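Structures follow.
Heads up, the next two complexes both have chain A, just with different partners, chain B and then chain C.
Then we have the complex of A and B:
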């Protein structure tokens, strides 16, 4: 199994490194998003006498620059890919293999991340020079961050892989996926740091996997966060990973049973 | 190589006969639009699904706006109803782009990679015109509907009486802004002649386009210029929004019209240069 992962990851590295221009296009498009949020919130903080809810412009800069790394780690197979896979017959081939097809996807996206990480560094330096973040994590925070970004990857990858399986029941999946993404946008800390939201809203986010994929890894590095919360966060990530594996175990066999291909 | 030479000669001869019975651009566009709409009309339920998606999107944007304004009364001088107006224009412009511009440009990028662009190039009409009108995603117009509703609500909240001059300026500037966005997309699509695999170009555009949700004035200088003269979002969204909320300065109009004209020439040049690099699949 480890060989399967390393082999697939290596293929992904070799492939993606050839498409540097495409990868940069992708990343610049992606980085535009947090820059918008960052500008909006620092404008408000500055107009408000330097900070809102204890966050200064420099804190927002740290939050959204770490955001770009977390977001890169968060890139997973889009659920929209299933439509294409079923239509063009790729899926039939995947079914023939002796291992669960999710492993191949997980491994390839992990490999891609190594390339993305290298390409990300210059962009992060430019953003840091432009927005001057204040960031001073402890050793423990750095260690937790390292695990948290992978935890976020696995939650998001397995959840969205399972979500994509809806395609086996209906082809009109656009609105469903859109609703999922927009919930994620609001409940994850992707648009605004969750500390800015009302208390009831913050409680609500505990019932969804989203905050463990964005807010938690980001705040783990930028702070302020108690040591206790760092471990609670990792625990919650583990719980959601187990939950998503359980979900997949239930949905996958039923989805495959619905699949029929022509001449596949 | 011999085969390639022959194709080129054929292309040359086609050029000669082309001018004799080339259909008018307007008629050609109208025909393509009609076929496109007829195609989309077969899937009527998509209208409701698309409408649902538009509403979800706007709902999310409204929540974000509510969080922003729970912390402040104005964003760099823009009040809540003014920002709502910008959001309306943003949704509307996004809808028009996704209906008419984006599907064509994405198709072109893919066809360059797959070598299928031959089918468009061998037709006796201007290639740029042809690749710009082949597809129309009619149901995306739900965003235009929703955007117009948001804009109307904003104008009512602003309680300013919008003059007919303002509305006229809005429509003219919106049209001009859309042309500049079209030119920008055409240049991105032309880049595929050099870079080959740029499916990600759509992600790039979508990402940058989000910045238009807010008036470009709030961004720091370098970004403001970027969003004006590199990605012309200022012209497509901010300036028309200023027109409809009665904040328009005539200088912006002059710069905008001039810049759009430059973009039209520049993008055509990029397209022609790129076309010369195109190899095709059969050649």
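Then we have the complex of A and C:
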């Protein structure tokens, strides 16, 4: 399995290197979103006497600069890709291989992140020089962050892969996927740090996978966070990964059976 | 023991039907009508190890559906089949390790990278030991004459060149059974010939069993001793290619070259060929004479026409 993942990751790196310019434009587009959030929240914080709920402009800067890395790390195969895969026959080819097709996607997106990481570093430096973040993580926070970004990746990857399988039952799945993404936008900490939201809202986010894909890895590095909460967060990520695998184990055989009865 | 056993295999699809117009569209929102289409209807045959069998039929006859059921991509709605003693339904890894499906119009290689990189990926997927991989890869490169192409990105290759890469990639794990679905579609004559000779060579070297579908009769004539003709999901002929002509054609073409250089071509009924030839030899100064069955394309056309009439 390690050989399979290494080979796929290598393929992804080689492919992405071919599209250097496209990757740079992609990265520039990617940082536009957090920069907008950062400017808005910093302006509100400054207008509010320097902070909102204890978060200063420099804290927001740290949050959204780490956000850019977390976002790049948790990019996965979009569920929209399935329709095309079925239509162009790629999926039939994948089914003819003696390994589960999810491994190819997981491995290729993991490899792609290595390229993205290299491109992200100079952009992060520019953002840090411009917005001067307040960031002083402990060694433990750094270690937890490392695992948390991969945890976030696996939750998102497996959940969205499973979600994409809805395509096997109905081809017009855009509305379902949009509802999923809207929920993620609100409940993940992507638009606003969850610490700014009411207590009941924060409690609600525990019951969805989204918080563990955005807010948790970001806060694990930027803080403030108790050591205990770092481990609880990793535990929650593990729980969601296991849940996603369980979900996939239920949906996948049915999806393949459906494909096998309808054809492609 | 047969490599492929197919017994009363059937496949029925439910397809939505809707009449033209807005009213029908609205009605289909609440009540969706479907109709059953039988793509494969109680097909039976067996294929022995090392056989190269041509699977013939017009568009929509059920050829690809049958191949997909044999490779595990589709589940039969009736009957059963086995490949290498295993049931394809459920796609057991043990079976997928030993078969391959090449579809003429589908690309399975990494579009942006040279084929060599895709080959490496296949090595990892099929867990091919490094030494075996290098030997097989080099053999395929030599047989398909693709030494200069394997380092070019797939997207920069012509259709025929890409097809050769697809075939090489699909054979790296040295499958025992090859399902080739129109492998020469859209290729020029030279490329078709190369792929044909490669398949023949591969079959001879490795004793692989091959089922080939093609609309080019030249493919079938060059590779297949046996053909299975399928029409409207049913087998209408299963036997030697030569027997196909005997059974479905009533005429033969006699061509005589005369001493003065003129050429005469006549068509006679099969049972009258001998007397027609004698008359020709008696009446003319013949220096050369050939007696041929009609072109195989004509024969196949006749088969389909007969099958259509029978229904």
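Everything that follows uses one rule, which is that the second predicted complex is superposed on the first by the 259 of 264 C-alpha atoms of A that agree within 3 Å, B and C clash if a C-alpha of one lies under 4 Å from a C-alpha of the other, contacts with A are read in each partner's own complex, and residues count from 1 in each chain.
Simple rule for what comes next: a contact is a pair of C-beta atoms (placed from the backbone, for glycine too) under 8 Å apart; a residue touches a chain by one contact, two chains touch by 3 or more.
Remember, predicted model here, so these are calculated numbers, not experimental data.
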Give one word, clash or fit, describing how chain B and chain C relate on chain A after superposing. fit
Answer with first, second, both or neither: which of chain B and chain C does A:28 touch in the superposed model? first
Looking at chain A, does chain B or chain C touch a larger number of its residues? B
Given the touch rule stated above, what does A:170 touch, chain B (first), chain C (second), both, or neither? neither
Once chain A of both complexes is superposed, is A:47 in touch with chain B (first), chain C (second), both, or neither? first
Counting only touches as set out at the top, which of chain B and chain C does A:191 meet: first, second, both, neither? first
To the nearest 10 degrees, chain B and chain C lie apart, as seen from the C-alpha centre of chain A, by 80
Chain B versus chain C as contact partner of A:90, first or second or both or neither: second
Please give the nearest C-alpha separation between chain B and chain C in the three-chain superposition, to the whole Å. 8
Let me check the overlay on chain A: which residues of chain A are in contact with chain B and also with chain C? 19
Sort out for me which residues of chain B touch chain A in the complex. 45-46, 49-50, 52-53, 56-57, 59-60, 63-64, 67-68, 71-72, 74-76, 195, 197-201, 203-208, 210-211, 213-214, 218-220, 222-223
For the chain A and chain C complex, residues of the former touching the latter: 3-4, 6-8, 10-11, 14-15, 18-19, 88-90, 92-93, 95-99, 257, 260-264
In their shared complex, at which residues does chain C touch chain A? 13, 65, 68, 71-75, 77, 89, 91, 93, 96-97, 99-101, 103, 105-106, 108, 110, 112-113, 117-118, 120-121, 123-127, 153
Going by the contact rule set out above, which residues of chain A touch chain B in the complex? 19, 21-23, 25-26, 28-33, 35-36, 39-40, 43-44, 47-48, 52-53, 130, 172, 174-175, 178-179, 182, 185-186, 191-192, 196-197
